[in-house]
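Okay, so here's the structure we're looking at.
Letters A, B, C and D mark the chains in the order given here, with residues in each chain numbered from 1 onward.
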Amino acid sequence: MIHQFDTVIIGSGLAGLRAAIEAAKYGSVAVLTKLFPTRSHSTSAQGGIGAALGNEEPDSPEWHLYDTVKGSDYLGDQDAIEIMCEDAIRTIVELEHLGVPFSRTTEGKIAQRRFGGHTRNFGEAPVRRACYSADRTGHAVLSALYEQCKPLGINFFSEFHVLDIVIENNKCHGVIALQIENGEIHVFNAKSTLVASGGYGKVFKTTSNAFASTGDCLSILFNAGLPLEDMEFFQFHPTGLYGLGILITEGVRGEGGVLINVQSERFMERYAPAIKDLAPRDMASRAIMTEIKEGRGIDGKDYVHLDLTRIPNQVLSERFPEITTFCKIYMGIDPSEKPIPVLPTAHYAMGGIPTDADGRVLNDEKAGVIKGLYAAGECACVSVHGANRLGCNSLLDTVVFGRRAGIAMAGENKNAERGNIHRDAIDNAASLIDLTIKRKGDQRIGDVRSELQTDMMDLCSVFRNEQGLKELVSKISIIEDKAEHITLKDKSKIFNTELLDAIEFGHLINLSKVIASSALQREESRGAHFRDDFPQRDDADWLKHTFAFKKERVVEFKHKPVKITKFQPEERKY
Amino acid sequence: MRKEVFEWFFLRITGVILLAGLTLHFYTMHYNGPAQTGPYWRAFNFIFLLSAIYHGFNGLLGIMIEYVHSRALQKIFEGVLIVTALALTGIGIYILSV
Amino acid sequence: MRYRLRAGSFAWMIQRISGVALTIYIFFHLYYLSSLRDPVKFELLRKLLDDPFVKFGEAGLLLLVIAHSFNGIRLILLDMGVPTRMQKTLFFIAALTGGIIFFIGSWPILGGIL
Amino acid sequence: MKTYNFKIKRFNPSEESSPQWQEFSVQMDPMERLLDGLIKIKDNSDGTLTFRRSCAHGICGSCAMKINGKNGLACQTLIKNMPERITIEPLAAYPVIKDLVVDMTQFFMKSEEVLPYLINAETPPERERLQSKDEQQKILESITCIMCGSCTSSCPTYWSDKEYLGPAALLKAYRFIFDSRDRAFDERLGRIIHAQGLWRCHSIYNCVEACPKEIDITGHITELKRLAVKNFFKRNK
């Protein structure tokens, strides 16, 4: 079936929907999602969305800018960060007007709380900057955006799995997708296409990410010859529930929760004397892993405790109902009575599809763009998060740059021809499915996938080194071969989730290879990327973005300078 | 659509009236209460009768909607129920007017 | 269909069945009352009431009335704002008091034959 | 590790004429979720087993199903709280697409009937609209709905009457009617007080028991009923 739209948006998370609302003012919009819109992973975001509203105490966008730059370990592009922080206040107010039920202060304003790495007056002390809706901020914002799409007549294609994004002659023509329910192939010809497909945390074994977070579109674009930027930077959130990876928001530390080791020591005081438990995530994760490595994990095991018993019960139940329930359900622990066992969990991809500040996808490290192709949200790399994202900046990133991409697309659509996807591209997509279903061999998808995820976790998580990464690259190569021999039992056209698993797994392997190779080539430690063999930041050689390109079966690298405007790199201390 | 609000509310009101009426009814029937004559009794019986028919038939109407799905059939059943209820009311008034 | 057996669902089914039965009973009741104008017929029907079988029927009627009324009271209380967590408790209270009242109320009807 | 028996209702309407029960035994760690069990079956025994899942911690609403007769999220059901024999069926009242996957189109359409979005045409203030804590308190529970469909699937009225709006849509209506910032009170109320709306709720409370987020759905619907009645008398004065 062939559809014609002005704008096609892949992904119905915050970035996709915010862009859709904007683009729908100027033309027809289709939103494709492999789930149902409100099931997108944005809904899992707990803690908050950052903006220097100053509702609870003095704050300024300038401080927000400084914190974000410093948090990014100076790898973030400062012009883009400035756009984000300046636009933050307007963005939050707009979200509130759209219906987001933010938690309130006693005067009825949007309430704000402390979050990791957000400080007042350039690093003096933590500041209340994260706007929240209890601990369901993502859910609240996503619901409101989805709801507001309704009166705008935006067309939703739920449970459509993207097979290909068609790019010819440096122009994007649209998308080929599989309708999961009946196995039919749909073609979406578009003037402009936005990739807002989210993250890819499923490359790791322990992750806070949803099953759907497999980075399909990044892998598709990478295979099409487009670069992926800064893929070595993958954030590990310090406080995932032990064994499960389910996230406990940083907001709890903003409200007084602390990390403690086996000696009941509040160890973050040693790692970040000024802001302690509110240190950025990369530092907190490393601190936890160091404590464990040095034998101060709880009961000699590989976890530490997150102590929320210090938070008043009323605050806990009012502001953190969801995580209180998680802890009770999954760990059998009432967080008001006992500390929770936590361990860093793979959380957020700083890297992704390189774009400019209006979401246009770059086709090289020199700022050339692909016509009609945009990206926003976690899958994109603007880059506002650099080497490490600050908590509550990701939701802000999605809505600020989602909106900008929406406006840019509407602008471009005025003078653009609608793309036309040719028969052979459609046949290719169909044959991909055919081949996957008919493939014969002795491998089971579950086994090979968990092998990949375990290897990534062991060799490419919080601490990395050359030997491990080299081993990983060759392991991935073996896994890639094994994947050729995965047999599917489900041959049906109707809701074939085994087929989708297989397709997604192909993308996971592809991205793992890019992540591992990118990590291997960056011989320094910066933000979330820490190399035991190069423990120092090296601004002389490495203050630059990585651009990874596909070259046959290997990954090739180019680099792009970091945009520095207001803040020169300094040693990063908290 | 206002009609449905009223109907739902009035179902509760008639329910309460019926409850009070039944208690009294049961008492006079089985524990030799006062003889049921005079204008007050007549008024009581009248309200009691109307409440019972309203409450019962409104209940049936509601149940009918949930199991009959064709709009046309719904209309037919609704008509039948209303006619039956009116007929019963007539008979009731006739009996009470002895 | 375990959902059918929960207190709220069970109460609803009783309410529905007893409601329909009682509405049908209006026909019989009016037929009985219509005999008030005809002494011969009235006497005939009166005699019928002494039949133990009819007595049981009458007790059954009382049971329906009590069930419907007591659950009705429960529903009205809930409509008026009694919190949801009370709904099961209210169901059991209604069942218990209803049962007792049925026992007391059916005594004058069944007393003669039991 | 302990062995559990999963008895799953399988059905592919395009290939079979009626559902079949199939049993699997699965080795489970007590810390694991029911969803982990289903994934183990899919990965190790039968790749054709079909179910939805995404976030795996009870916030996206994908994996609602009927577990031992009760609707719930597979990702929020810890295996150690389950008996050794577990019966799993798709949610009732929605057409089955395949195995545990049901067609929820109708379910979502119901919500759209109640204008499920904040409506306020007044010129917004420069900053946020103020909302007191008390005003927000009214909607706090209703905004936690994850649209998993457990409630509507447990409702006996919905079983027999697919035209009924159902608990989820009514809860959505509540969420906006009681939002102090919304201005579409009359229009939205009009969308729920028709014969197939509020009044088809008979306070059965199955939805409350089914809701994985423990929302007092019937309580919210009752408040809507009272509001409708109050509004009726106010207008007819």
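In the analysis below, a residue touches a chain if its C-beta (ideal position, glycine included) is under 8 Å from a C-beta of that chain, and two chains touch if they have at least 3 such contacts.
It should be emphasised that the depicted structure is a prediction, and the values quoted were computed from it without experimental measurement.
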Handout entry: Central subunit by CA centre of mass proxy
Key = D
Completion exercise
So, in whole Å, the Cα centroid of subunit B is separated from that of subunit D by 37
Problem - Approximate Å spacing (C-alpha centroids) for the pair subunit A, subunit D - result: 28
Handout entry: Between subunit A and subunit C, centroid-to-centroid distance (C-alpha), Å
Key = 62
Problem - Euclidean distance of C-alpha centroids - subunit B vs subunit C, Å - result: 16
Practice task
Could you list which residues of subunit D touch at least two other chains?
Solution key: 225
Completion exercise
Every chain pair meeting the touch definition is listed as A-D, B-C, B-D, C-D
Problem - Of subunit D, residues touching subunit B in the complex - result: 157, 160-164, 190, 193-200, 225, 228-229, 231-232, 235
Fill in the blank from the handout: As the complex stands, subunit C meets subunit D at residues 1-4, 6-9, 11-12, 15, 75, 78-81, 83-84, 87
Problem - Interfacial residue positions of subunit C with respect to subunit B in the complex - result: 16, 19-20, 22-23, 26-27, 30, 33-34, 36-37, 62, 65, 69, 72-73, 76, 79, 105, 108-109
Handout entry: Interfacial residue positions of subunit A with respect to subunit D in the complex
Key = 35-36, 38-41, 43-44, 92-93, 96-99, 101-104, 106-110, 133-134, 136, 139-140, 143-144, 147-148, 150-151, 181, 210-212, 243-244, 246, 321-322, 325-326, 329-330, 444-447, 488-490, 492-498
Practice task
Please name which positions on subunit D make contact with subunit C in the complex.
Solution key: 68-70, 154, 156, 202-206, 208-210, 216, 218-219, 222, 225-226
